[in-house]
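One chain, chain A, links the two complexes that follow: it is found with chain B in the first and with chain C in the second.
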Partner chain A sequence: MTDLASSGTRRTGGTAASNGRGLTGLLLVSAPVALLGWLIIYPIFNAIARTLLAPTETGTAFSTDTYVRFFSDGYALANLWLTLSVTAVCAALLLAICLPLALYLRFAKSRVAGVVQGLALFPMFVPSVILAYALIRTIGPNGGVDLVLNALGLPKINSPYLTPWGPIIGLVWDNIPLTTLMLVAGLGAVSDNAVEAARDAGARPLALLRHIILPQIGNAMLVVLSFTVLSIFSAFTLPYVLGPASPEMMGPFMQRTFSQVMDPRMAVTQAVITFAICAVFGAFYVRSIAKNREARR
Partner chain B sequence: MAQLTLKNLGKSFDDTDVIRDLSLDVADGELVCLLGPSGSGKSTVLRMVGGFETPNRGAILIDGEDVTRVPPEKRPTGMVFQSHALWSHMSVAGNVAFGLKLRGLPKAQILDKVQEALALVGLEGYGERRVWQLSGGQQQRVAIARALVLEPKILLLDEPFASLDQHLRERLREELRDIQRRLGITTLFVTHGQDEALALADRIVVLRSGEIEQVASPDRMYRAPQTRFVAGFIGSMNFLPCDMRGGVSDHPLFTVRAAVSDGPVELAIRPEALTLLPASGTGARVHRVTDYGTHLLVDVDLPDGGRLKAMCPPSARYETGQEVAPGASHVALFRGDAKLAEVTVERRVADHV
Partner chain C sequence: MTSHFSRRGFLATASASAAALALPRFALAADGFVNVYTGSDSNISDFWTNVILPGFKSVNPDAKVRVVDAGDGAGLRAMADRAMAALGSDADPQVDLFEAYTPDQTPGSIDAGLWVNFAEAGVENLDKVNPAARQTDFDLPYRGSQVLLAYDASKVAAEDAPKTWDEMTAWIHANPGQFIYNRPDKGGSGGNFVRRAIHEANGRDPQKFTLDNFSEGYAAETLPGAWELLNGLAPSLYEGGSYSSGNTQSIQLLAQVVVTMTPVWSDQVLQAISMGVLPENTGLVQLQDLALCGGFSRITVPTNAASRDVALQLAAYVLSEEVQSKIITELGGFPGVSWDHVDGALREKYADVIPASIPTFPGGDWDAAINDGWYRNVAPGLTRG
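Let's turn to the complex of A and B:
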């Protein structure tokens, strides 16, 4: 009898407590949600609305003219295409550079690994602006490389810094630390024993990579890819500081449309299109993270 | 037919010797347990045999063939790790089939072998499960099947049951023993549990700080430990310090005669070699009685402040505080770490008091 009674009260107590906790949780969540709505969601819809409402003599009217102009303008499309291909090339290069680096950092037992890690993380502490000027001073016209070549009596290089390779070199260098860190974190999920068991079963390094390591970090790789794509696609500082190029990346393009062409509605349209493409990758990123959680249960 | 020979193995990490100079022969079909406290270098020895560590000195021979520098993927050894060694992105059958696939066996043959291996460890019908759906014990069975399916010459196990609960551990231990006997596979088993070693091994190798302390059958290891360390590490043992004077021990309760030079010694007595008779004037009093059903374990406080554990028949009756006269049927004498003598003594019921 006493047992029943006491368990009854305890149950009501529990509900009350969980109610209280629910309210606190709601309050805690409400601040970031409000900020998100105010600073991100509202501007997005505001921007979309501004691009779709064209000013007329009598006020505003619905119109998709800026979108039509964007997608029929060869130069705008070339810029979009350039940004997409720079992003793709950067992502491919980053994986090609960072995966071996991360594998080395995760599995090497030598003391050199610490030095390599330090070097790999170094670019993270160099601001893009400084990196851009460094790039100009080394591979730009009459830069460091040219000076060396000149001293050796060789012809100057055809400077790549205003071609798409300028931003590619800079962006890859800039993104190596984060990409490597994320891959190393992903590789942490692969236990030493699992790798050793595979070697024991007869797996050579390539088979090990293909059948054991890559499948286990598949989700981490997706996260890395979507993350780097997001950050590179919307890169602004580095391509802007490197200087005017043609075609140009979406970031500087928007800025120029806004301040030099003085067509804010067109600039916002470019931003919305950029946002739409990023949102696709963003969705991808969120999905990989959710899957990651699920896999870990 | 597979013999394993370790010749003067030595291994150091960061300039500290972890394995000093270890030589061992494992006969065909034999199950040898490497037993020792944690940090004694058991895993290091096993990992050297499996190819995961390269010895700094010495050689490893399998069937007379030097494999010291052969990488694990080419060694005829199969390893079972303590835990977290299954590939979680594969099914149970996928785990077992992996090595066979790498060897390029035909599909039908792989299927047969996987079935057979899973049946061997009692996991028929579990092939399609994901490994994280299995219990800890089942996961270790899969790991054993995965190692055995490749028909290694030497099976290596590194504390495979250490993370399981007592009951499961005992069951898997027996199953492993059966499988090992049936296949006749030469096996090296690492454990820090002396009960596991006693239950499993044909021969036990006790390791201490990277050196072999004693190699013996479980029965010899228990009944005739050669060093004080082994005597204390395997089973429980009472150690009573005293002095030898003219071939007789000066312990007030145990008069042991042995041809031993004068000086300090320790009398080592197993609990089951002790008998407790009711007596008065000995100063030894019952401190606590624990009834294990099959026997009583009696803690006795000695007048010099020491304590004895005695194993008594379950029918015996003792009360806390009761004075008793302990007598030993078998005593080993140690000085430092070395054994000086082993004596079977006749009872002396405190007649000198």
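Let's turn to the complex of A and C:
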């Protein structure tokens, strides 16, 4: 994950000696920064303000009533708790599946690796709503898997459709490509020389992983974790179609609060709480980039 | 960087395409198209695109009409809000006709003069509309639909199909895991099943619920009985209390022989049968003690629509005998006009199923109270925790 952080920021000629170049640089970043301010930063503060300022008869007044309602509402807390646990399970499963895959892709030199890589990236090109319906047809009740099992005379699977495992399976499948890509990138920092030297010294594969590889990709794993947590926490389609009616994940819950319960202030409050949790993981990512940059100086 | 593939190139492309997807779809400028917004399922938007619009060419060969899917009722509400905001200014609301919307969903919109008064505008064919379906002069009921119970006739004989709420409850308990209804906010088939439970818990009297009599106190008095009834059913439902996430998903479960019985919209199930999604012998039954609710879909036209005249022409065409007959044959719905104004042969053929009345349940504040109440009191289940 090292060079993703530094791309475009490395300076070749000391300080920006010529003012012209510095100005060009500022102009170049001004567009994305302005866009960020307009589309991201402003709505965040706007949302926080809307949840804290309640309309009263005499105008608006400071109030934390929606937060009090959220944290004293067992139903809402159950939804938040489900979202946290689904996210944790997905992140653990993703690391367990993608780390071996990434190790294979990093060190394998055969042609098969190309095929595996293609397969690993395939989910990236499948829209999640298509995936959701495909999963209903395969691992859903009386779906493809059941048909095969039935033909072999085996009992049907206990279908994950409409249980929390439905969205977990979908989300893990959906997030394999990005996770694998980032881990492979992180593994790029592990030099072949170090690995071969350890092998020559008689290190077994597990020891190699533990003492040579893992210490060097800790940062990448942290970034992977924060990325997957961010995307899974805000997932909507898969929990909506595959998940149980209750508890709901925060994405469908927010949408329902907004459009069905018609309580936009409460929906924004749920969004701010979700955002606050995601921001913690975002901070991990930013911190790891900053550390990386320090190390490069 | 000794990775096998050009990761950076890949990331760049991937992020660029992701950014393109994330861009808001910029509003279409006025381009001479008549924009018809629908929040209904795809069978309805297909009907508009494939049946109504080609036929409309014979009335107005030059009109360019575009059917836009707003997703759901909330999507239509957002469009109506936009039209409301544009009212009194020169701004084009970019919507000319709502396929199924009622003025009461946008508070104050009638008083503000947002909707065309069809009676005053002298819309052709207005006099043919079924008087029982008329609500206000600002909406035009053009198709009706009713929720029925659909069942797998290879497992349930027609004479054993439940005909009252009690028979249905008994059937569900006698056949655990074989019945499912969808979450009430995700589609009308489950929504009206839940509303039927509310009728059941309140003396089967639809008159007890009106648009205006909603109050939190009255809801707290009338709804808990229904939650009790539905919680009683839950252990015998599919997977001990699972609820599908939409009308289509319920039909899919019936088609995959996972469940034996489910509430369905009359139009959707007839279409599913004609397309072969459900087998020919799928059984349909309506409760006789009080029918499951149904309703009429109502066309509304904003007064500030850019192509208002064409929109009114289109609305009149939808009420013509040609389209109304096709609503029965192609859509499996009920006509919005009186049955005297559809093809005579059809009238004969459907004489037995023409409903004397379709009970309805008011929307407005009731929707939020019922849907959220269901999520809090029924969805978590008693056994599942």
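Note that in this section the second predicted complex is superposed on the first by the 259 of 297 C-alpha atoms of A that agree within 3 Å, B and C clash if a C-alpha of one lies under 4 Å from a C-alpha of the other, contacts with A are read in each partner's own complex, and residues count from 1 in each chain.
Just so it is clear, contacts are C-beta pairs under 8 Å (C-beta built on N, C-alpha and C of every residue); 3 or more make two chains touch, one makes a residue touch a chain.
Everything quoted here is computed from the prediction, not taken from an experiment.
> Between chain B and chain C, positioned on chain A by superposition, is the outcome a clash or a fit?
Aligned through their shared chain, the two binders fit side by side on chain A.
> Going by the contact rule set out at the top, does A:G188 touch chain B (first), chain C (second), both, or neither?
second
> I'd like to know which partner A:A54 touches here: chain B for first, chain C for second, both or neither.
neither
> May I ask you to decide whether A:A203 touches chain B, chain C, both, or neither, giving the answer as first, second, both or neither?
A:A203 contacts chain B only, not chain C.
> Which partner does A:A113 reach: the first (chain B), the second (chain C), both, or neither?
Touch partner of A:A113: chain C, not chain B.
> Per the contact definition in the header, classify A:I289: touching chain B only (first), chain C only (second), both, or neither.
Touch partners of A:I289: none, neither chain B nor chain C.
> With both complexes overlaid on chain A, does A:L95 touch chain B (first), chain C (second), both or neither?
After superposition on chain A, A:L95 lies in contact with neither partner.
> Hey, is it chain B or chain C that touches more of chain A?
Counting contacted residues of chain A, the larger count belongs to C.
> Aligned on chain A, what is the least Cα gap between chain B and chain C? Give it in whole Å.
Least C-alpha distance after superposition: 12 Å.
> With the touch criterion stated at the top, can you tell me which chain A residues are shared between the chain B interface and the chain C interface?
The answer is residues 191 of chain A.
> Name, in rising order, each residue of chain A that touches chain B in their complex.
191, 193-194, 196-204, 207, 211-212, 215-216, 218, 297
> Mind listing the chain A positions that touch chain C in their complex?
It comes out as residues 3-4, 7, 75, 78, 105-106, 113-114, 117, 124, 136, 140-143, 162-163, 181, 184-185, 187-188, 191-192, 240-241, 243-248, 256, 258-263.
> Any idea which chain B residues touch chain A in the complex?
Within the complex, chain B touches chain A at residues 50-52, 71-75, 77-79, 81-89, 98-99, 102-103, 132, 143, 146-147, 150.
> In their complex, what parts of chain C are in touch with chain A?
1-5, 7-8, 10-11, 14, 72-74, 77, 183, 185, 238-239, 242-245, 249, 252-253, 256-258, 367-368, 371-372, 375-376, 379-381
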